[in-house]
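Each chain gets a letter, A, B, C, D, E and F, in the order it is written, and its residues are counted from 1.
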Amino acid sequence: MANPLTHFNEEGRAKMVDVSDKSVTERIATAEGTVYMQPETLRLIKEGQIKKGDVLAVAQVAGIMGAKKTSEVIPMCHPLSLTGVDISFEENLDPDPKNGLCSVKIKTTVKVTGKTGVEMEALTAVSIAALTIYDMCKAVDKNMFFNQIGLLYKAGGKSGTFSREKIAEA
Amino acid sequence: MANPLTHFNEEGRAKMVDVSDKSVTERIATAEGTVYMQPETLRLIKEGQIKKGDVLAVAQVAGIMGAKKTSEVIPMCHPLSLTGVDISFEENLDPDPKNGLCSVKIKTTVKVTGKTGVEMEALTAVSIAALTIYDMCKAVDKNMFFNQIGLLYKAGGKSGTFSREKIAEA
Amino acid sequence: MANPLTHFNEEGRAKMVDVSDKSVTERIATAEGTVYMQPETLRLIKEGQIKKGDVLAVAQVAGIMGAKKTSEVIPMCHPLSLTGVDISFEENLDPDPKNGLCSVKIKTTVKVTGKTGVEMEALTAVSIAALTIYDMCKAVDKNMFFNQIGLLYKAGGKSGTFSREKIAEA
Amino acid sequence: MANPLTHFNEEGRAKMVDVSDKSVTERIATAEGTVYMQPETLRLIKEGQIKKGDVLAVAQVAGIMGAKKTSEVIPMCHPLSLTGVDISFEENLDPDPKNGLCSVKIKTTVKVTGKTGVEMEALTAVSIAALTIYDMCKAVDKNMFFNQIGLLYKAGGKSGTFSREKIAEA
Amino acid sequence: MANPLTHFNEEGRAKMVDVSDKSVTERIATAEGTVYMQPETLRLIKEGQIKKGDVLAVAQVAGIMGAKKTSEVIPMCHPLSLTGVDISFEENLDPDPKNGLCSVKIKTTVKVTGKTGVEMEALTAVSIAALTIYDMCKAVDKNMFFNQIGLLYKAGGKSGTFSREKIAEA
Amino acid sequence: MANPLTHFNEEGRAKMVDVSDKSVTERIATAEGTVYMQPETLRLIKEGQIKKGDVLAVAQVAGIMGAKKTSEVIPMCHPLSLTGVDISFEENLDPDPKNGLCSVKIKTTVKVTGKTGVEMEALTAVSIAALTIYDMCKAVDKNMFFNQIGLLYKAGGKSGTFSREKIAEA
């Protein structure tokens, strides 16, 4: 029986899946993830936006550039000529009742006209944006962590549309 | 008062922090994160290890190469001549009672002899390894997600040692 | 009113502009720039061409490779499968009456069949070629500088043709 | 007689100069360059800073990341573990009497503890920041150009200190 | 007469050949190469496959990622959106009568839908896979070497099909 | 018993070997390899050197830049701040009696002051230079191939000096 993990060849080793015969279609993917942090850390991020020391502006640039790096860092990803990348941030000022932490939710949307989808590009953009927020705030809060990084939506291509309201909890 | 977020200059814009005057010391950092997935997905990963179609072997290579890419993808990170990178995986076969999902925990350790730490390299390695697992299994399970990616330990350098047993829950 | 700087999203943060709906057309761009240097420095460059120590041959390779790096170094640039890159140099042996300096003019032409133009690729190729000339001659002339790096011509795509004879003076 | 252009080997071909015997010292370099543009373009950039659509914030990130890319894009440059990179912008609102244009001056400072200097890193950061400003404003002003990109200062290393007040005119 | 080496412009300098007018077709290329090593080295590689310390699994990933790096490391290569990359290994356990060495033969296949061929991508994948085998075994066998790295087959595009059974000997 | 292939961790998976405790010493490595081609192809290369269409000048730049890319393309290689890279070419105009082919021998030397050696950098430089020669001549000779790419010499570091006159035949 064929390996349902399509990324392996007949010898059982990894390959870049052959998409030569796939159609060129419009494809889109949306992913999200959340960075948890001390309320004071979020306060410093928000204050910086007013004073121009804007952590999220740097994370935005890093995430967009990260989307373009996807096929270079994820071994079996196809190189793609992305046609659009956007990122938004949602600051959650109410501390989470479970842990007393505030958070920034990152949401990315990536588009391409091509033979394969951009799920990995959307997820990579979230990850790099999250890492950048960590990097710029780690002097004040090394306990920050990332949660629920996952795919929200994809459309275009033979496997059809995937959609969910929110990432499961764990 | 100086901005406690050290990555900003006097004009309030981002800079790469000047570490010229810091001492060259041995530095180490350990980070972890967890990829949640359907029990069937974990079964396919484990079976592949027996049959050579080894998802985790590819994720291992990707994570190590990702650690080396850190200063290229995280805007304000200093380039460093890493002296060691290692990654281990822990498969959790008992479904989480909250969501019925199994998981793979990724743990990375990075070392350097240098003027600044390798927390970001350890976290980037976790993130890239997690993304690679997602990429190689997404044909069978698009609902996978990453949780509790965070720093466990760092030592070396003026800010001293940071250590925690586990990442907080959210 | 919409921000006339198209590289910003509704939150006012930078994005990679969505070009999904644009037509795939033939696009071309030409840019130029000038490296000013001591007459003796230009003499060494010209002599090297005879003796094989060819500064401009290295700058040519660097500029072409630089064009391919554009979307990696310019944050909001779209990745493109360039279909052609060429660079030429024009040595100006008559010292400029204003400053007594000689110069090398760099001219680049880049082509693509795609959804967006290659102005940035042509300008990046000029910049990297100029930097390479500086690097290879800086042992003898640290006062070299680059002037009038700009776009001369672009065609293809909805915004039509742009053309000028020469870059303005400043 | 030895070729005064040190970047060539005995066969007359390019090499990466052997710096094995040089001392590890603190090194610094400062470079600058100017982007000329229509007064209206500068007005849009300034307005964006107020509204968060901040062209210069993106150029800042691009320039810093560009400094780290130097040895990858300039063929004979040595790879260096940079210890600091900073960039500042100076907006010149008074139109230049020669051409009626306004301008943004970019100034970069790069530091390293190493065997060779960081002049090329400072100049590359200026160039990439300038290209990014062009990219983000080209929808409204394709006539922008870059002038007087050059080295202002370097210190550290055997060749001593280089310093000038301003780049020559041309 | 035109230079039969098409990679040079009218000034005799290197260029990226203009393929704008070429047709977009399915293209494929296959290349191979052989890594010679001590019989004991091959024994360690084979044993590792059983015990999971799998040299060839790492070489497989490196070769696939190397194929994607081709236009970044080969100066005049066009960037291409590869649609498939696969690599296989053939272990030759019978020592070569000429030198008593065993060998691993690497065979790569690369596909693209584009305006130019993927011969260089197939050859680069072989080279990077061979280098990775060397890297991972050099602690026990520094005398390993690579032989007969060449193109076996290409199809698609105006220059037609190229095919040979084996690389010549030397 | 410990795995004599040092690139594997206790779980049997690949790691970047920990060199934190190694001494910083001067290290050097020399590698070589040969590109076989039709006599007519070598004639075109030599003629181009006279007319400036210099294949070997491009291969020289590519090889040097390739040496700097080593830790990016070879998964377990440590990133190193190379202190020198040089490449020379030796044209063999007498056709090989076995196959009637001429050849270009590539020889690279790489230096570093660091904790680990530069054998991989020297071998990567040979490989990238060979690939570049192939790329630039493939329009006239697709049968070219690379032979006897191997290490000639290394010194510095605990494992001592390795030296051989020539690569074995196969």
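Details
Please note the rule applied: a residue touches a chain if its C-beta (ideal position, glycine included) is under 8 Å from a C-beta of that chain, and two chains touch if they have at least 3 such contacts.
None of these values were measured; they are calculated from a predicted model.
Separation of chain D from chain E in touch steps, taking the shortest path, is 2. Taken together, chain A and chain D share the touching chains B, C.
Of the chain pairs C-D, A-E or A-D, the one whose interface repeats that of C-E, sharing more than half of its contact pairs by residue number, is A-E. Taking the mean of C-alpha positions as each chain's centre, the chain lying farthest from the centre of chain C is B.
A comparison of the A-B and B-D interfaces places the larger number of contacting C-beta pairs at A-B.
Once the centre of each chain is set as its mean CA position, chain C and chain F turn out to be 32 Å apart. Chain centres here are Cα means. That of chain A falls 38 Å from that of chain F.
Contacts with at least two other chains are made by residues 11, 13-14, 52, 54, 57-58, 61-62, 65, 69, 72, 75-76, 79-81 of chain B. The full set of touching chain pairs reads A-B, A-C, A-D, A-E, B-D, B-E, B-F, C-D, C-E, C-F, D-F, E-F. Every residue of chain B that touches chain F in the complex is listed here, in rising order: 26, 56-57, 60-61, 64-65, 67-69, 79-89, 111-113. Against chain D, in their complex, chain A makes its touches with residues 49, 52, 54, 57-58, 61-62, 65. Within the complex, the chain C residues that touch chain A are 9, 11, 13-20, 22, 71-72, 75-76, 78-81, 114-115.
On the chain E side of its complex with chain F, the touching residues are 3-8, 11-14, 33-34, 36, 44-45, 48, 51-55, 57-58, 61-62, 65-66, 69, 72-77, 96, 98-99, 101, 103, 119-120, 123-124, 127-128, 130-132, 134-140, 142-151, 154, 162, 164, 167-170.
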